[in-house]
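What follows is a set of structures for review.
Look at the two complexes coming up: subunit A is in both, with subunit B in one and subunit C in the other.
And now, the complex of A and B:
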């Protein structure tokens, strides 16, 4: 019974690489060290699979599905390639190659999660470090608009609040932990200080903290629902910390202000670096969404929302991003890789996917696969196929192949190569 | 009776677990077709745990089951992102690529009839 050690979990941006997976008869029977989500992913990866390549819901041979996909993409005027955050980097590179070939748009799910973060970082730069450095050094950790207990379950114990490191051997008691959110989540119980900020009030609160760090007073009693004294004290604590880290999530990027919120956070961190060492790290959701941005950047110069219709890459979030392109009714064909936009994008954008010929590559059935013209099953990266993924802090980690995929099922990158060949034919 | 709340969306661990079993699985659907309300708000609109409620915004409406919790304060509501919630949001991104899905104003009242099933949502999506 092979037991694989140091297995990387292909679910969230933590990319925990200490799992132990037991495989019996090409079936995963045991998962050690994984969180609840990870365990579910490994133990259920064979369930609800797309069993056959499909065209209009009818089983066809892979060659036929590839041919149909190529035909759709070739004849489209404004094809959109989207998804990519839950597959490995090789597939992402192939998707970009295909987008260039067909003169399409390639976007990844960062556009609806940390896209605003990227916009802000492009404007102002970033102060960052690896999760290992946070673990070893941070004595002040702030979670802003994110809830690791729900979305990055092992973050707290492996990398941040509870982790024991070189200069933080006491673990949790060596750190002061702050959580900021619009509602009282379970993080309130983890944190030493919980700040409840009014919805849409993050920018103001960040700016107030920034003002205090710069030495200005506050002549109001509260800012965005947080009392003045609390703000003054937190600013002081930030300045006095040895090493501070702010982890932030979609509470900042998806609410009013979007990239402006991140700009305020970057500004605060920059100001704090006049006093001590402070970093800012986005809590990236899907396990390789950081890889989707990285690969897209090294191949096209831009991290997402890239249009090849003129033969060279152009970048414009808001125009070449999936939600906009679909909601405007502009995209006339779509290729979705390892993502389920039909279930997650605003209805009007999701609706467009059902109107146009959509092709989906996914190991499992999804809302998108059920509205797609062409469905091609693929191997699950990190379980049935190897590859590279980027952790939330930008560290590339090699995913393992633990078992063979179902017969005739290929990894995303190989299916994309077949489509490319067919398009070039 | 109808109340106005500030709607917050997000992901939950339960949703992640369900999603990895499969989007068509019972567990995933149960993990996303609800709204979390404060018991005091629920009382105001006369619904109890497990009742169906109608949620509407300027951009659309949806029907989901209601769950009660003190973890959410009165005047706010939480709904997990997914095919039930996505009908509530404006696709307008104001040039950023990202729609507003947090802090949206919504009205909630008791619903006539049960929330749609995944199949029904799918049928509607296909048009």
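And now, the complex of A and C:
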């Protein structure tokens, strides 16, 4: 009964690397150290698998499915390659190679989560550090528009609020914790200070904090539902901290203001660095969405929403992002890799996916596989295949292979290589 | 001016056409046959302009003498007049994204509405839009520090999000309503809003004489803009007269002599720009 130690968990952007997994008869039977999400995902890994390559719902040989996929992509004028946040970096690199070859658009799921973050980082730059540094040094931690208790369960204990580090040996009691959200979440119980901000009012609150940190007064009694005194006090506390960190999530990136909210947050952190050390780290959701951005950047110069239709990469979120391309009815074929846009994208975009010939590479059945013309099962990275993934703070971590994939099932990167060969033929 | 007419042969393509060749700079000096052969891009295929448009009329020797009339709705065509330096383009309908982006001279008149990024990073010339403008009118492209650097844009209808983002110089006049974040990161230049101005006006505006003038209602100003005075600026008279005489916006004259409330900001970035809001009443 092989027991694998120091296993990296491929289920969220924390990429916890201390799991112990027991495999029996090529099935995962025990998970130690994983959070509830991770344990459940590992234990149910064998369920709901795509068993065979399919064309129009009928089982076919892999070669046939690859051929059909290549045919679809070659004849398309505006093919879209999308997903990529739940696979390893090798597959992402192959997907970009394919996009260039077919003159398509390649986008990853960052465009519907932290795309605005990236836009803002490109405009203003970034003050960041690793999660280890936060664990060892941060005495002030702010969670803004995110709820790690639900989405990144071990974040608090491994990296942030509760973690004990080199200069924070007291753990939770060595830190002051603030949570900001539009509704009271369970973070209220974790935090020393919980700020309930009016929905859509984050930008104003961040701007006000910035002005106060810069030494201006505030002429108003409250900003977005937060009283002036509280804002003044928080600004003071931020300036006086030894090392501060802001973690933020979709509550900030996907609410009114989007990338401008993040610009305001980056600006605040930049201003605070005149007083102390302060950093900003996005809470990335899918385990390798940060890798999707990193690989796309090193290959094309841009992090997402890259268009190769003119033979060279061009970048413009809003124009070349998958949601927009689909909702406007532009994309005339799609290749989806390790993602389920039919379930997650807005209705108009999802409907377009069902209208055009769609190809999906995924270990599991999904809404997208149900509406796809071609379905190719693949080996799950981090369980049945090796590879590299990037943690939310940008640290690359090697994923392990724990067991063999079902017979005849290849990793994403290999299937993509087959499609590339077929397109070039 | 010599008039060249482009009649669309198709309507409403779902995959837009990229046709930066629809510009006096490219067309002047060519024969009609050569114009038909100009390259346009439909998705990942390079094709002939003549496949999408009937080309007729006359070609001028110099761009400054060239008038191009696009007869019909071309909301599916991107980059019309992009980068042009002289001459005139008239679109008798809607136009797609990036119209007149990076242009430095000449004039574009669109009778209908335009897509996003119209006049983005333009440095000179005039764009007139009869309908509405999309998002990021006269804005900076992603990753670029400066938006519009000169010239004038007049939209009769409303303008979308982040109009004039990163604007450095030049004039944008919005006849209708302005969506949130109009004039964000502005560092120079002037924006007039005749309709309703949505919130987050001038967000992170730096200064350098940046000025947003609201002749209509203002939804809400950021808490980081601070009121300092109410006055009747003398320069306003000249501005309003110019709008009326040069751009034909007669109703601008109604505001001559009216007092304005002045707000300064954006303090979030230590900025010293100004938002002037006309006194109601």
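We take it that the second predicted complex is superposed on the first by the 425 of 425 C-alpha atoms of A that agree within 3 Å, B and C clash if a C-alpha of one lies under 4 Å from a C-alpha of the other, contacts with A are read in each partner's own complex, and residues count from 1 in each chain.
Keep in mind that, in the parts below, a contact is a pair of C-beta atoms (placed from the backbone, for glycine too) under 8 Å apart; a residue touches a chain by one contact, two chains touch by 3 or more.
These figures come from a predicted structure and were not determined experimentally.
K.L.:
After superposition on the shared chain, which partner residues are touched by A:318: those of subunit B (first), subunit C (second), both, or neither?
P.N.:
both
K.L.:
For A:151, decide between first (touching subunit B), second (touching subunit C), both and neither.
P.N.:
first
K.L.:
Let me test your reading of the model: by the given contact rule, A:277 touches which partner, first (subunit B), second (subunit C), both or neither?
P.N.:
neither
K.L.:
More residues of subunit A are touched by which partner: subunit B or subunit C?
P.N.:
Greater contact footprint in residues on subunit A: B.
K.L.:
Based on the superposed arrangement, let me know which partner A:128 touches: subunit B (first), subunit C (second), both, or neither?
P.N.:
Touch status of A:128: no partner.
K.L.:
May I ask you to decide whether A:119 touches subunit B, subunit C, both, or neither, giving the answer as first, second, both or neither?
P.N.:
both
K.L.:
For A:30, is the partner it touches subunit B (first), subunit C (second), both, or none of the two (neither)?
P.N.:
Once the two structures are laid over each other on A, A:30 reaches no partner at all.
K.L.:
Is A:342 touching anything from subunit B or subunit C once the two structures are fitted on A? First, second, both or neither.
P.N.:
Touch status of A:342: first partner only.
K.L.:
Contacts for A:329 in the overlay, against subunit B (first) and subunit C (second): which applies, first, second, both or neither?
P.N.:
The second partner, subunit C, only.
K.L.:
Identify the partner contact of A:208: answer first if only subunit B is touched, second if only subunit C is, both if each is, neither if none is.
P.N.:
Once the two structures are laid over each other on A, A:208 reaches subunit C alone.
K.L.:
Identify the overlap between the subunit B-contacting and the subunit C-contacting residues of subunit A.
P.N.:
Dual-contact residues (subunit A): 119, 256, 317-319.
K.L.:
Name, in rising order, each residue of subunit A that touches subunit B in their complex.
P.N.:
11-12, 35-37, 40-41, 44-45, 47-48, 107, 111-113, 115-116, 119, 147, 149-151, 153, 182-186, 199-200, 250-251, 253-256, 258-259, 285, 304-305, 317-319, 321-324, 326-327, 340, 342-351, 354-355, 364-367, 370-371
K.L.:
Give every residue of subunit C touching subunit A within the complex, in rising order.
P.N.:
The touching residues are 14-16, 18, 41-45, 97, 116-117, 135-136, 141-143, 180-181, 184, 200, 203-204, 222-224, 226-227, 266-270.
K.L.:
Mind pulling up the subunit B residues that touch subunit A in the complex?
P.N.:
Listed in rising order, the residues are 6, 8-13, 16-18, 20-25, 59-60, 71-73, 76, 78, 81-83, 86-87, 89-103, 118, 121-122, 125-127.
K.L.:
Give every residue of subunit A touching subunit C within the complex, in rising order.
P.N.:
Per the stated touch rule, the residues are 76-79, 102-104, 119, 122-123, 203-204, 206-208, 210-211, 214, 216, 218-220, 223, 256-257, 260, 263-264, 267, 308-310, 315-319, 328-330, 332.
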